[in-house]
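Here chain A shows up in two complexes: once beside chain B, once beside chain C.
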Partner chain A sequence: MKALMSVAAIIGAAGILLLAGMTVGIVPSNTVRLIEGYMPVQVIAELTLFVAGFTGISYMMSAMGMAFPRFWQGILFWAFLLIYLKFRVYPPIPFSVRAMYGTISLVAIFMWVSANEEDWNKFKQPIMNVLDAKTGGTKFLRIAYLVIIPILIGGFSYNAMVPKSEEPIELRTVHPAPPASTKVHGKTYTLQTSQNPYRVNPEGKYDQEYSNSNIVEQGMGRLMKPTSNPWDKDAQGYLKYVREGGEIFYQNCHFCHGDNLNGRGLHAFAFNPIPANFTDPGTIAQLQETFIFWRVSKGGIGLPNEGFPWASVMPPWEQHLTVDEIWKVILFEYWHTGYYPRTWD
Partner chain B sequence: MGRVAGKKLFSIMALCAMIGLLLLPIAVSLPSLAMGADGADAVKKDGEAKVEKGRDVYYKTEGIVVGAPAPKTVDGPRDYPRYNFESRVLLWFANQQHLYYGSFVLAVPIFCMVIEFMGVVTKDKAMAKRYDQLAYDFIKISLTAYSLTAILGGILIFTFLTLYPAFFGYLSGIFRPVMHIYALMFVAESGTLYIYYYGWDKMKEGFLKWIHLSMSVILNVIGTLLMFLANSWIGFMMSPAGVDEQGRYLGNIWHVIHTALWNPLNVHRILGNMAFGGGVVAAYAAYKFLASKTDEDRAHYDWMGYIAMALGVAFLIPLPFAGYWLMREVYAYRQQMGITLMGGLLAWLFIIQATMIGILFLSTNYYLWQALGRMRGAEKYQRYIKYLVFVLCCGYLVFITPHTIVMTPAELKAMGGQQHPVLGNYGVMSAKNGGINVIITTTILSFVWYMRGNKVSTVSWSKFGNIFMGVFFGCAYVNIIWLAIYGYYIPANVRVGLSVPQVATTLSCLFFMFALNTAMMKGAKQMGAIEWGKISVRSQYALIMLATAFTWMMGLMGYIRSSVRLFWHVNEIMRDNSPWAYTHTVGFAANMISFNVLFFWVSILFVFWLGSLGLKKAPVEAKAGVPGAAPQPAGGH
Partner chain C sequence: MKNLISLKAGKFLTTAFGIILVSGISGGMAFAADAALPAGFKKGDLAPEPSADMIEAGKRVYFTKCVWCHGVDGAGDGPGADRLWPRPRNFNQGTFKIRHTASGELPLFDAKKPVPGQNDLFETVTHGLPGSAMPSWEGILTEEQRLQVLSFVTTQLVKDRKFTDKQSESQTILQLNDLKPIPASEESLKKGAELIVEKKCIECHGVEGRGDGNAFNLKDDWGFSIQPANWHKCWNFRGSRQDPYNVKNIFRTFSTGVNGTPMPSFADNSTVEERWHIANFVNSLCEREADGTPLSIDPLSDKPKVNFVLSSGVVEGEISADPENEMWTKRARRIIAMGGQITHKPRNFVNRIDDIWMKSVYNETHIAFMFQWDDRTKSVAEGKLPWPPTSVNIDVKEQDPKTGEEGSIAMHQNNYTVYNDAVAMETAVKWKDLPAPIKPRYLFGSNEQFPVDIMKWEADGSLRAFKGTGWDKDFEERDNYEESSKLLFSEWKNGRWTVIIQRPMGNKKDQDYDEDTFFEMGQYIPTVFFAWDGHNGDAGRKMAVSAFYYTFLEPPTPKEAYIYPVVIAFGVVLLEGWILTRRANKRKAKKA
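Presenting the complex of A and B:
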């Protein structure tokens, strides 16, 4: 047990030093990189290591007769989490989410320090000491808190109420609900049931399983399967339509959506928000093809009321492309990102 | 003997009367159910005259048009008479209060049935008496609340008739074939409840007790059927069936009742009502515990709170899965409805809902950890609690991560787009399924610890059992998390299907580990007694938090379910043309829900007070804190 805790303590201490070093710039900030695509698991794994590390440090200090007070353990661990979320994760997490995470971690710390009477008594002892104020030091602290806490609350209140020139917070609906049907080039498409006419097998029949088996590999590399090259001159059917969709994409869409379809095209940063990142699992991977068909056809101007604040400059592509071209470009987007359109069967 | 035989006869007659009451509505309605009374009349009247046919909007079957089309309402005193106030808010209030009380009075008799059954099968006579008294106390509270439910139901109907006459007229026209069945079910419910309650003392032993217990079963069957009928109205409003595109009734009342969302709504509501009822009773016990002056009272209410919490949580655990099924059916019914709910306009309300679900499970776990404190011998588990906190917290953080993030344009710019490489992954269903399953599995683990807190297994294979249990839980966590990650690499329809093995993993932990633990703890060595009444006061606040979160979440989910129709009274059939056919802001909705919650709790406190006026105090056979004599909940100990 002691050996295990010693290892945990070493990991914890090294981790804290590394994080502190990267935060203040002594250690290069890319020493331990968070890699896009693996970040969600990396973050949880790192936090798990830190918890193990802190446990080890606490255990070792107790074993050496220098037990760290439970009160400060709780406070410092919470501070650590806030610093981690603020400085470790990049791109920065918006304040609203950090506030949610911070509140929950505070509740979790409360649950930990008050899980049993002994721990709870240990935790609240310093607070009770200050409230009882039996020594000179605690008397001073009590008076100091009496002055500082109202000032702090007043300061926060003032800061919250004072008029600011910042742009207001917006609750942008990323995926507004589509209509039941949409009319494009004079034909009505029911979004629940319509299908991409180019998602076909070599026999020319609609076949999602066939097309799914020919998309690029999902993940960091996004490698094309050797037998599924749309730019092979002999490619037919689905792969040929993917190629045609790709040509349309690079003639019309990539200026904004980027040549890797990650929303970072030439013009992307002229807009806020930048165009949709199709490689993110929260965009086209979550949607039916017909949803994309509707959004591409109608563009930002066709967003429903629910799409407030309508922050999209995408043109209504039905004015520039044919229905067939729209379906093909959608085919290409799914092929290139390695995602599968949502279906309900 | 003669007197006992008379009682038996009386009891059997009472039971038969209840069954008769239960069957009466069905017998009355047989002709109309068989062919649709309206349909038959229409055909007879018209004779050989032209019969108009329509196509069912959902079942796509043809039927004879026998109803009027849905009215095309206009804003004005004819269709939308009003006070100088928003009619929708008044209706919201009346509906919500009726629902709270309705849920409570439907849930509590189920508790009574379970507790009374536990009393009947328990061999310990003192415990049996205690269970019986507890069940009686519950039904007494329920009886007072039942009157209030009926009053609130009346207020609700008057509110509908006064403020939305055209809409209510249309709905009651559609449901006309079952309206009187609905009313007769109320009569049956009331009659059964009164016989059940007033017959308690007369039928307290032997065969008569079993008759009495059977009555509770009938009472609950009637209550459940009543709820199913009520659910058919909301199911019809969300996903209409049995009518054509103009909203004309096609003569098949079963189609009207059995809509696309009726079954998942029924399952979700039964579980929800039970969890809610457990929460309310647990909060009542917590309040009484905090106000207790004696150790005996504290022991009694501590025990009562534990029983209510355990029953409530037993139904809370499957609740998210039932909710998942409901949402899946909503998506399958109308994609845009599903997106409005979970990805669009109402997405933030779902984040609040996820937060409330998390609070429920956190409160439950916290209560169980506190409850370990009143067991001697449970100290060995205390030092591991911090790891459970961490696992719960990680699951919770993932579960509540929003897909639609609130941020300033500057933050949006700094983030480099709408999608965040970490939050974007946590914010979708695959990760959230993993999060909630981790939370539930951890709660199951806490329960297992609690069940074995003061015991040491004496079976010869206990070491193997412990290792197996540890490995099983470990594998469960790995499987849940792995499937959550794997969900990003497969098609959406397969991903949705992944929830099945995730849920199966969680439920396997629940059933297999509970069963294994029970087998291991058979004849286990007691390290110390459970000292009822010696639990921390923080645990009681956790129970109050649990109940408040239940109440708030019920209000929230009701609002979300209703709002998803947007500007429709009946989805795609009858448009809402009142001035209030818009969706409230999140802030307004939250305030309104909070007001409803507050009103409910103030009024239920009044009900509790009324109930306590004539309450017989529970006989406490054993003094709290005396090892071996303290009450032990059935099953777990």
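Presenting the complex of A and C:
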């Protein structure tokens, strides 16, 4: 038990030092990076590690006779959570959302410290001590609180009332409701029944299994399978069309969606919100190919009225590309991100 | 006896000193032998050839990630190449820009050890080349995958030279870690300012370093057009290594030159000290906050962080037409990030204007906007333009994208018909009537129901007001609005435009609210900015465009902001008293 706890304590201490160093800037702030596409999982894993670490630290300290009062444990843990949310998570979370997380964690901490009568008494003991002010120290504290709290609250309310400008949050509907059918270059496509005509095996037959077995591998780097090189001169069917789709992508789409399809292209920084990140499991991985076909063909301007807000400069690609080119680009996007499109069944 | 010992000790000491002295001299001699090398450089060894496994694994990375721009044979002619400026690197000749090695030499690359400062190509792939389409691959490819792909590129795609050939290649390495930077004191900056004239930096980079010196006559080794760096945008320095305000990067580039471009190495004709002064001065020119601290850089884009609210400050009396007036110099500025308009034809893949600095003030009747942006050339169209100012669907050719062919962007780059430099801002009309999430479209409004108010300034001195009702609908002129608006100032100087326009604030009573935006205090008014670089062939929809920003007129502080907090604080004091008495009573009760 003790060995386990001391390992946890070391992890916790190292984690805190690293986080503090990265926040203050002693250690480069990208020492431990948030991995793209896995951020939520990573954040939860990190927090779990920290909780384990704190448990270890608290255990070791009480084992060494320096038990840490529950009161301060609760307060410090809450402060840690707030700091973590503010400085660790990037891109930054808006204050309103952080306030929500803060409230929820406050409630959780209260539940923890008041789990049983004894704990609760221990927790409120320091507060009662200050209220009663029996010793010189607590007397001083009581007077200090009496003065500081009204000043702080007055200051906060002044701050809240002074007119200032805050960036309005820009939202975008990620998956607006699609129409039943869409008309592109004079032909009507029913979203439920249309298929990507280039998802074919070398014999030219529609073959989802074949195409899925030739996409890039998931995991760091998302690299192609060594045997499935679209640039192979002999590539036929699916892989050949992937290459053609890639050529179109790198002539038209990467300016915004990025060389690595992560929404960080050359022009991306000028947009708000930034362009869609296809490597995120929440975008194309959740959609059917025909949905993408509709969005690519009609662009931001083709969003239905229910698709508000219209914060999208996505071009209506039917102005620039042929139907075949649009299907090939879609094929490439799924190949390059390693996701399977959703199907209707 | 004692004397003897001290004598011996003395002898010993002398000998020791002698050895140190001799070694010092020999060290000096070794240094003299190195004198053929430029100051600050040392000879290094060629790295061993990467293993066949590494090369094979790298091929897989290359054909997944890199081939799309750099091409099948690494000739920098992949499908994406023609619409990029600067173009992707042609690896075949082994010409690499960012190095620690002397001018003309191959860069440092060792497949085994990515030691900081000793692996140029690894760092290029890791940090990307800001200001170009080359992204940072850190976090996307693992360290090993980056080394693998470089093993493939250096052995298979660099065709005219060989990284391991001792006969033809040498490595003369800049000892950047051993050279101590000179602090950027006022004296150092002054020397640097003199040196950039003496070393003729300003001939290409311009008097104020905005890259406007010899902007349109430079070509790289392959004959493609290339432009001198703008020292005021250090985040776009190719060699900034995602650390743009670090003076060492400038020192390195200045010492080693940029292979394949007209930028030479200054190692032979400048001392190390001189190079630090120049690097300090160039670094000091990069845009900073008003208090001199570096701008905060967004790690996701490697560009300055953007705030989407442009706040306008209140001033007394008439708005000054002089940008040096306190009214303007005291105002905080905001950076507006600009991207190419690639939504509708004609598209602009290589927008030369990538940001605008904005300031705004207002008085009782008018609001004024100051635009400042860098543009290497002042462009004014010769003769009359072939379309009316209100025309939207104008015929500016969208380029044929084949390499080498007449008309590809790469060939055309310096060869466009010159139109007017211009800027415009678009604000929503009837923005108060828009249901909460609705905004007009970015480009020239959505329809008759949600039109936009457009004001456009052009380098021929015109300031026009239009109503826009859709991206492909011709603008409508607005009656007498141009007369009530005013161009306060416009000037192009050393690569930077400064333009101040003033317009009525508008109010519901006196203005035609169907055409003009009513700028109401304390409200967020959706605003979009457009910019055209006339020398880039920008006209009509071929332009740079921003996202939606918000113009916000700062209201004065209300009286309540001084009263309520005091009342609240007093209330808290009462509450505290109540809690304390309650507690005291409880204890008394207990005791009793």
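Operating definition for what follows: the second predicted complex is superposed on the first by the 283 of 345 C-alpha atoms of A that agree within 3 Å, B and C clash if a C-alpha of one lies under 4 Å from a C-alpha of the other, contacts with A are read in each partner's own complex, and residues count from 1 in each chain.
Please note the rule applied: a contact is a pair of C-beta atoms (placed from the backbone, for glycine too) under 8 Å apart; a residue touches a chain by one contact, two chains touch by 3 or more.
Given the structure is predicted, the values throughout are model-derived calculations rather than measurements.
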- Message: Looking at A:Q288, would you say it contacts chain B, chain C, both, or neither? Reply first, second, both or neither.
- Response: first
- Applying the touch criterion given at the start, work out whether A:G258 contacts chain B, chain C, both or neither, answering first, second, both or neither. second
- Task: Please work out whether A:P94 is in contact with chain B alone, chain C alone, both, or neither, and reply first, second, both or neither.
- Result: first
- Message: Looking at A:S165, would you say it contacts chain B, chain C, both, or neither? Reply first, second, both or neither.
- Response: second
- Answer with first, second, both or neither: which of chain B and chain C does A:D324 touch in the superposed model? neither
- Message: Output check: A:A270 vs chain B and chain C. Expected answer is one of first, second, both, neither. What do you get?
- Response: second
- Message: On the A-aligned overlay, A:S105 touches which partner chain: chain B = first, chain C = second, or both, or neither?
- Response: first
- Task: Name the contact category of A:E46: first (chain B only), second (chain C only), both, or neither.
- Result: neither
- Check whether A:E247 is in contact with chain B, with chain C, with both or with neither, and answer first, second, both or neither. second
- The shared contact residues of chain A with chain B and chain C are 36, 91, 166-168, 170-171, 264, 272, 274
- Mind listing the chain C positions that touch chain A in their complex? 60-61, 63-65, 67-69, 72, 78-80, 82-83, 133-135, 137-142, 145, 298-301, 303, 306-309, 311, 337-340, 342-345, 347, 349, 351, 354, 401, 435, 437-439, 441-443, 446, 471, 522, 524, 545-548, 550, 552, 554-558, 560-562, 564-566, 568-570, 572-573, 576, 579-580, 583, 587
- Item | For the chain A and chain B complex, residues of the former touching the latter | 34, 36-37, 39-41, 43-44, 47-48, 51, 55, 89, 91-97, 100-101, 104-105, 107-108, 111-112, 114-120, 166-180, 191-192, 208, 212, 218-219, 263-264, 272-277, 280-283, 285-286, 288, 291, 306, 340-345
- In the complex formed with chain A, which residues of chain B make contact? 331-332, 334-337, 339-340, 343-345, 347-348, 355, 358, 362, 365-366, 369-370, 372-373, 379, 382, 385-387, 389-390, 392-394, 396-397, 400-428, 430-431, 485, 488-493, 536, 538, 572, 586
- In their shared complex, at which residues does chain A touch chain C? 29-30, 33, 35-36, 90-91, 128, 131-132, 145-146, 149-151, 153-155, 157-158, 161-163, 165-168, 170-171, 216, 220-224, 226, 229-231, 246-252, 254-256, 258-260, 262, 264-272, 274, 299-301, 308-311, 313-315, 319-320, 336
